[in-house]
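See structure below.
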Amino acid sequence: MKSKSRSLLMRRLALHAALTPLAIIWLFPLWMMFVFSTMPDYGIFNPDIVLWPSTNFVENFNVLQTETNFLRAMFISITVAVIYTVLSVMLTSMAGWALARYRFAGRSIVIAIILGTITLPFAVVVIPQFIMVAREFKLANSWVALIVPPLFNSLGVLFMRQAFSMMPSELFDAARVEGVKEWRIFLHIALPLARPTMAALSIILFLASWNNYLWPLLINSKPGMMTAPVALGTLIGITKVSWGGIMAGAVLLTAPILVVFIFLQRHFISGIAAGAIK
Amino acid sequence: MRLRNGIAYAFLAPYLLIFATFWLWPIISSFLISFQNTRVNPWRFAPSLNWGRLVGDPAFYNALYNTLIILVIQVPVMIALATVMAVLLNSPLLKARPLYRFAFFAPVVVGEVAYAAVFRLMFSIDFGIVNKLLGTVGISAISWFDNATAAMALVIIAVTWRWAGYNAIIILAGLQSVPGDVYEAATLDRVSKVQQFFHITLPLLRPIILFCVVLSVIGTMQLFTEPFLITNRGGPGGGTETLGLLLYRQGFNSLNFGYASAIAYTIAALAVAISLLNLFFGRQAK
Amino acid sequence: MAGLTLTNVVKRFGALQVVHGANLEIADGEFVVFVGPSGCGKSTLLRMIAGLEDVSGGEIAIDGTVVNDVEPAERRIAMVFQSYALYPHMTVRRNLSFGLQMNGNPKEDTERRIAHAADILQINELMDRRPAQLSGGQRQRVAIGRAIVREPQVFLFDEPLSNLDAELRVQMRVEISKLHKQLGTTMIYVTHDQTEAMTLADKIVVLRAGRIEQVGAPLDLYDDPANQFVAGFVGSPKMNFLKGRVEAVGGGSITVSLIADPSVRLTMPVNSMPAEGTPVTLGIRPEHFTDAGAGNADLKVAVDVAEHLGHTSYIYASVADEALIIERPETRHSGHRQDFTVGLPARRCFLFDADGQRLR
């Protein structure tokens, strides 16, 4: 017995010895982002190694704000992410419900098209999307352009479809026999039962919208209509720039999401893992 | 179930409308545009213009080469690392599991721009913290942005940091779906932990790892933000130019939509082809 | 309240036909049980009556009106499901009121109906709980309550007791029977359990492979099965079947011998006259064997196992390769491999031809 508990202890030590350095390396960039955001620029350029935060965050933020109107960009990002998430959850759960729970002509064709195109890279559609939205609809630098085109979220449809098809069908039959209308069955029975799935999906969608870079960069590049990542991106690569300011922006983009992540880790993880379990 | 066409399509209509407009039609449209001369007004049908140019364009081959190099190095390294993370995180011996989980999974929620900015600063040649730390162990400063090889390494490091945890989440979910009694039975059969990993865990994880590989291939094929923001628009001198970046340049700097569409279709075709190859060999290996 | 008529009802799933033209008349207030092995089409038939499945052919009429294209909601039916199908996120009260409320039923009337149903089923103290907080039997009551508040013309039950343990099943069976007497509404009940069918039904409909094999009162099916399938399905333990052949024909009766023991011969009155040598099957229920010498022939069997239940014993025995179950009151002398002789009373035996049809 003694030798067994000893070898268990050794294995436990080895496990932590392997994992701890990796974890430190992985956390390092995030820690440094925070440290840099609190340092004045002359501190960043100092040849000494500084690993602890300083006190210059507010000044850094003020520089960022004067250069990019970052608050306005944050406001746009938050608003877009919220509206996008609500709309997308609505659309995907309605579509997922139909695909999970109704028999209709063309059902297998619709499913085949969604599954068949789900893995195509966004690169394939970005040019025509841009031409359509910017040139034909003349919607560049608009809220609609930021929110509507990214709504084609097939993974969300499959995610919701999965949730609905795992519910016992007798539940909906019972309501049907009771004379409850289909949209009310959806609203009063299916949706409340799908709440955990919707929560996970909402988090993933909000994150995707909040971090989206390429599409907002292309379509909303006018100052005043930029999202926060795009506004921050404009500063990167310019020679005369305040790195402290950029880091303050990076922290503002990251910190709220990280806090949410800490509290809702389970939903995040189930949302991401669900992509794999189809 | 009763046949319910009307109700089903009423529920589907809003999504299908968006899907058709912003996904299905662009997929077709992109293909058509690639056969157009988009540098004249109005556009003219010129079937071999863009595709002909692609075949002979050194910039395309450079981007293709860089993309494939990143793919060949970064994807296996990252998936292996993610598997290790997942297996270790799944160990019942682990203390402070939430802390480790947070460390590996946090990069998943960090936006591309934010992390690109940090990496750029951390790897800066003269005052970057990475070179300073390397200096303390006697390694001379590396020109991460001026040396093409180092720049490629930087892109690979950055992408791996950002996405390893994402894949670890998926693999961990797969690990947790393996019933524990399989391992108990193996332990009773005197199969060692290492043997268990290679003979039980890995074969059971194969489909999930393949899924991760396919996802990563698709992501890497259109890699854009990292070379755009971290290594300064594909620098040095096109040393980290990827297909995604070339597409962006042609489409949105030169506004040559026809040529950009041809590049886009090449990216998609390569992504699909490599994914299928993976799936094919993944099945074969069984 | 209403009667039902099924005329040539057919159900196809794609190319697969699962109900092959069912004809059935159900009177107002009748308790009808659809019984058959799994996959026989009984649940599909019920779901077509409910309107949850399209009718591929034929007609279903409730109270004289064809309802093929009528939505389930408009058929004035209520259904109780095998899994109870209670809305898990609603309290018991809300489960009962939900359907009525969604259809704009006046509030006072809804409350009156709920109070009435709660009284009948004695679920008053459960009203504010959620389904997850209820036991299986309580859930079953709530599910039935939800059907009662609809005040339907027809109740449909889809294997409602099969998720309950044996004891509770017997108890709920009695309650459903009482409920039918109290309400007097037409009830259609699907089960694979012949005991439930025998105890509950005014009329049993035996189904096999999408066809109605026989319709009749429980004891009619027991006493006078139309074919070997019904004979084997109704009654517990199952009827014994022994292979035999026709030895002699004449004078309105035939003489049959057993293949397993050709010395055993029985003469039975039969109208149809099969040829000599025709293979037949002889059926006799376990409870109908007599003491040796008391029947029309004696059969010597080898005992494999005997189960003594006190008031009765089941003796698992064999003749040559054919297995038998014999029920004898308080038999104590049947140890393993002992030989045992029982009597075969001819008037309790049934004859079936090679296709399983009854020879009368």
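Of note:
Lettered A, B and C in written order, each chain numbered from 1.
The rule we apply is simple: a residue touches a chain if its C-beta (ideal position, glycine included) is under 8 Å from a C-beta of that chain, and two chains touch if they have at least 3 such contacts.
Bear in mind that the values here come from a model prediction, so they are computed numbers and not experimental data.
A summary of chain positions shows that the Cα centroid lying nearest the centre of all protein Cα atoms is that of chain A.
Per-pair counts of C-beta contacts peak for the chains A-B. Taking each chain's centre as the average of its CA atoms, chain A and chain C sit 56 Å apart. Chain B and chain C have Cα centroids lying 60 Å from one another.
Remark: chain A and chain B have CA centroids separated by 16 Å (rounded to whole angstrom).
Taken residue by residue, chain C touches two or more other chains at 51-52, whereas all remaining positions touch fewer.
Touching of two or more other chains is recorded for no residue of chain A. Across the assembly, chain B contributes 1-3 as residues in contact with two or more other chains.
Chain C contributes residues 51-54 to its touches with chain B in the complex.
Within the complex, the chain A residues that touch chain C are 168, 170-171, 173-181, 184, 188-189, 192-193. Chain C contributes residues 47, 50-52, 71-74, 77-79, 81-83, 85-89, 98-100, 102-103, 146, 150, 156 to its touches with chain A in the complex. For chain A in complex with chain B, the residues that touch the partner chain are 8, 11-12, 15-16, 18-19, 22-24, 26-27, 29-30, 32-33, 36, 44-47, 49, 90-92, 94-95, 97-99, 101-105, 107, 110, 113-114, 117, 119-132, 148-152, 154, 157, 169, 182, 186, 207, 210-211, 213-214, 218, 229-230, 232-233, 236-237, 243, 246-247, 249-251, 253-254, 257-258, 261-262, 265, 268-269, 272-273, 275-277. By the touch criterion given at the top, residues 1-3 of chain B touch chain C in their complex.
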